[in-house]
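Sharing a structure here in structure tokens format.
When the chains are written out, they are named A, B, C and D in that same order, and each has its own residue count from 1.
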Amino acid sequence: MVRVAVVGATGYTGLECLRLAAAHPEIRVTCVTSRREAGRRLSDYWGFKPYPEDLEILPPEPETIAEKAEVALLCVPHGTAQEMAAELLSRGLRVIDLSADFRLPDPALYESWYETPHRFPHLLSEAVYGLPEIYAPEIRRARLVANPGCYPTAALLPLLPLLEAGLIEAEDLLVDAKSGVSGAGRKGEVALSFCEVHEDFRAYKVASHRHTPEMEVQLSRAAGREVRILFTPHLTPMQRGIFATIYARPRAPEKEIYETLREFYREKPFVEVLPPGRPPRVAEVRGSNLCRIGLKVDARTGCLLLLSVIDNLVKGASGQALQNLNLMCGLPEDLGLPRVPLHP
Amino acid sequence: MVRVAVVGATGYTGLECLRLAAAHPEIRVTCVTSRREAGRRLSDYWGFKPYPEDLEILPPEPETIAEKAEVALLCVPHGTAQEMAAELLSRGLRVIDLSADFRLPDPALYESWYETPHRFPHLLSEAVYGLPEIYAPEIRRARLVANPGCYPTAALLPLLPLLEAGLIEAEDLLVDAKSGVSGAGRKGEVALSFCEVHEDFRAYKVASHRHTPEMEVQLSRAAGREVRILFTPHLTPMQRGIFATIYARPRAPEKEIYETLREFYREKPFVEVLPPGRPPRVAEVRGSNLCRIGLKVDARTGCLLLLSVIDNLVKGASGQALQNLNLMCGLPEDLGLPRVPLHP
Amino acid sequence: MVRVAVVGATGYTGLECLRLAAAHPEIRVTCVTSRREAGRRLSDYWGFKPYPEDLEILPPEPETIAEKAEVALLCVPHGTAQEMAAELLSRGLRVIDLSADFRLPDPALYESWYETPHRFPHLLSEAVYGLPEIYAPEIRRARLVANPGCYPTAALLPLLPLLEAGLIEAEDLLVDAKSGVSGAGRKGEVALSFCEVHEDFRAYKVASHRHTPEMEVQLSRAAGREVRILFTPHLTPMQRGIFATIYARPRAPEKEIYETLREFYREKPFVEVLPPGRPPRVAEVRGSNLCRIGLKVDARTGCLLLLSVIDNLVKGASGQALQNLNLMCGLPEDLGLPRVPLHP
Amino acid sequence: MVRVAVVGATGYTGLECLRLAAAHPEIRVTCVTSRREAGRRLSDYWGFKPYPEDLEILPPEPETIAEKAEVALLCVPHGTAQEMAAELLSRGLRVIDLSADFRLPDPALYESWYETPHRFPHLLSEAVYGLPEIYAPEIRRARLVANPGCYPTAALLPLLPLLEAGLIEAEDLLVDAKSGVSGAGRKGEVALSFCEVHEDFRAYKVASHRHTPEMEVQLSRAAGREVRILFTPHLTPMQRGIFATIYARPRAPEKEIYETLREFYREKPFVEVLPPGRPPRVAEVRGSNLCRIGLKVDARTGCLLLLSVIDNLVKGASGQALQNLNLMCGLPEDLGLPRVPLHP
């Protein structure tokens, strides 16, 4: 059993780590923390038992966490996470950070998008980007994994193999993505209240969302040259799920693109490539760690559409974190992770 | 044209007053106020134009309001409303208070449920309870109308005529009511966030909701004796609407109950009584000022079910306020108020 | 490994059996059937993989089912289920019937509510009512288990121990229940379309729902006398979940009622009794096999409120079926069944 | 008063025509028809009164319609509409067709997308495309108006003035649009059932939706050359609303684009252009005849985003039909049409 700490157990990604850990045969959560809610039991804070053992929420003291756990899942905001990661790494833990703190390898890039200097640039270069379908070997050896953002996960899984294989142009990539509301976290804001979200649809952070550089770094690596994308996030009135509609210029016929993607993901347990013209649905992945990818080349305009769906809290956050944990701990990559959606 | 002030134009009942006033041929909103948002335009605060004229939000100064308007719609919290009502009445305005401040005639009852003394007990006794189907004559002459709560409106419309006619017992009345989320107001609270409300259903303020005494006062008047009810409010994942399921013991056959209700509401423009066994739906009243009432006597247990639906923001708040305003100003009771629902 | 057949794998309860079986360590689904969809793969019908092995859907031939499985979960409509149950029992299978066909022990009662004679009255008297918290010993030995309806599960769990203990009156019981839409099944009907259900709330089958006699049979057994209830089902715009608000007359103080319930369910893995005054929420049980029960005695009217929530597809159907299967096969009662909700 | 027939009063666009007509001071609906529901009252079919006068639904006999009305709103499917239009025009009525039958001027184009020949090609060339912001003079004189599709309305309002002014390229236009479910009509299909739509997000008719050629015809006229677009429609779990995210290559700075749009729509009552960087929301237009347009040039990629929202049943269908009717009948363009949204 791997002893795991969930650092930041009062938000939705922390909660989802607990739910998934409860069904995982080789993980035992031994420590949960929250600065604000320390002293309460998990069930007291949440109102229900998010984990079979009703742990006491501890203050986020690195010393205590290091005593109780081997691996830490950081479910705290960026800025806070980097400090905690440094403390825990120095005490010998392995760390999977679900925040954005270690996703951008270049400190200057981090500073320009997050408007504050990165305090641990040496860790930035050590961190491995936790997209297991691409970086499994590096993740297996990593001390520090930067768990990808939800939007980047949905967009990169279809794009990276195609860019790598040279089957799409590296220019004019558009990512038009639609997210459920849990992506915004557990917050008491009027803009996220039921009355403002239900029966609404909106775009937000138009052309300025911080997941943009994260995608560009990975796309650039795959393309072997600098890639710029236009990324438009939208909020859709559902709790979970991301639907990414991606527009690209193909350099190969639809069939070849399909077969390349299919071949690339043949052995990967959580990515399913659908036949051309069959679009995926968010309902097909809810609650699961799956990513499903559809594609079509529009005969009239010659444009390639890539359609990708994930559950933002699972494959887009906590499920992917446990997938990374499996790899880091030498367990089967798919151990204990759900592949059947909750439907309806 | 009646010149109207909407005091408290930054919440949902204030907003709904503006929407309904915009479609009313004899109302002109000349003044909107908010302590916190004073100085902004309506469209700047709301993000869209809630009223054709893009009025500046003023601070809630009684002097200014009195200069600009003849009638004031108070859409501010209880406690605040009573002060404002007193100020405006003394300056010659007529006041419709959408808060709870003038709904309970007895100051002691107010204090016991609202945990603070009422500061204007003389106005309490002057205030008319603004349920036009029952109190139209008094409302026509009133200076101060206490606009009923949303739950009481839904429950009283079926119950009062039956109690009055002696067709149901005054004992063991149960009101099991389900409300959309806008009834809780425009708030940034985690408990009202989309992620916590969507796909949830909950009871709240069980056996302790402040609309209980309001209903009891009216029911007692109709019964000619003290009536106690058990009222259970629930939150249902929709924006608007109240569905009240009411259980009573009948003292007459179903047919007589039906005909009595039907007769009572024959000339009332906003209450529709459905044939026995035909339940109403919230979708049938959304956006309208209607109340629809269904009923059935269960042959097996002898119990009478009364089912009542309203839009909590219209017949349960702002629409009823304008209906009262119509009466107070000598206009046709139904002038300018919607009877066709927005569906879907 | 228990070899299980899911008879009727194209509706939501069949689907949920597959999802839950996929996470169960001792169940292997070896056979799925559907008259209409026979010949297709599960993934072809559903559009995603509802079970790790992508089984072919077979026609519902008893012979084939008997070859492939030891236990059958019947997820077909009432009327059809009884025939299949008889066929499979005669071939030595054990049967858990999720339909209503074996829930009422008296054929005359069945006929009066289902408007058709029961064709296998001898099996009616053999069938065990599959509420494991009450009938575990009988279920362990049963060949044929009648899996309870969703509404009865939610209502009986709080009521039965109290009636049995004589802590509530057997008269004037009211069950006001609110269900998510999946309870109506997977159907192409205008009345169940998104546009008609979303932002609506309605009552249906008022005082005439077929779950009424099912509850009364069980309540009567517990009370030792004939019990009549008034049951009002409502449709609420969510996919899953039942919230039952139950009104009863207490014969003991709140504290004793609470402690009796708490004691009764102390060792039961799936029922949680909340402290008096703390209402449960549907969100606390979604996707799990839990039932959560709240209670309160209203000091003003002396009435007892019991509030009960379940996921209608899990504890209200397929999860309870697997709980029964666990008992029938000598496995731990809670093996492989989720206790952590999917939230949000 | 203009006497109006609603031909096809049992679907959502027919219903919305009735709701809007009820609030219009110069329209009187004198005739409603439905082949299947003829003989019933409107309130009997709908379950509520969609129009103050509870008209009898008549069979769609041209003779009868011509006796009762001057203008006909055709809310029947394409294919059926063209026949009815021809019959009514020949009897002297003016016709606004909400179906797709007269939107494509070229019969061959119609045939290639609708897979059946157009039976009235001479009417195709007479029909005026009913986008009042562009074709008001022609609409005023028209006998036959082809009311635009919902997606085209949302996409064309931002695009046409910019193409006309040469401020965007005519190539590589992408329209990524998200629609509420009422756009699919009132249907009993599993795919449109609450359980399949709620908490889902999906794309449909990818690169093959029939609104594509409708947009291209109009864009080509404005550009003075043939324009091809890629249009991707999505279904989002809400009842009403379209959000169109449009990607284009600008030929002028953001400021000029903004000012051009703003200037173009200055006198138009139903189109609002928001300042650069301020995205619109569907909630801002629900129930109203408004279209709100946002825009932004992404400095990093040089791409222009146009964001456009409408209520698909109002500005995208029935509201636009009444706006056309106003013009055809010499009434003020905005008479009786809502500009204040229903929010929440």
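Things worth noting here:
Quick note on the criterion: contacts are C-beta pairs under 8 Å (C-beta built on N, C-alpha and C of every residue); 3 or more make two chains touch, one makes a residue touch a chain.
Nothing here was measured: the structure is a model prediction, and the numbers come from that model.
Taking the mean of C-alpha positions as each chain's centre, the chain lying farthest from the centre of chain D is C. Two copies of one sequence, chain B and chain C, touch each other mainly through matching residues, since over half of the numbers at the interface are common to both. Distance between chain centres (mean CA atoms), chain B to chain C: 39 Å. Computed from the mean C-alpha positions, the centre of chain A lies at a distance of 46 Å from the centre of chain B. The mean-CA centres of chain B and chain D are about 36 angstrom from one another, to the nearest whole unit.
Residues of chain D in contact with at least two other chains: 12, 182, 195-196, 198-199, 237-240, 281, 344. Chain C meets chain A in the complex at residues 12, 15, 18-19, 22-23, 47-52, 182, 199, 239-240, 281, 284-285, 287, 292, 338-344.
Per the touch definition, chain C reaches chain B in the complex via residues 172, 174, 176, 178, 180, 195-196, 198-204, 206-207, 212, 228-230, 232, 234, 236-241, 243, 245, 247, 277, 279-283, 286, 294, 296, 298-301, 303, 305, 307, 309, 344. Interface residues of chain A facing chain B in the complex, by the touch rule stated above, are 12, 181-182, 186-199, 237-239.
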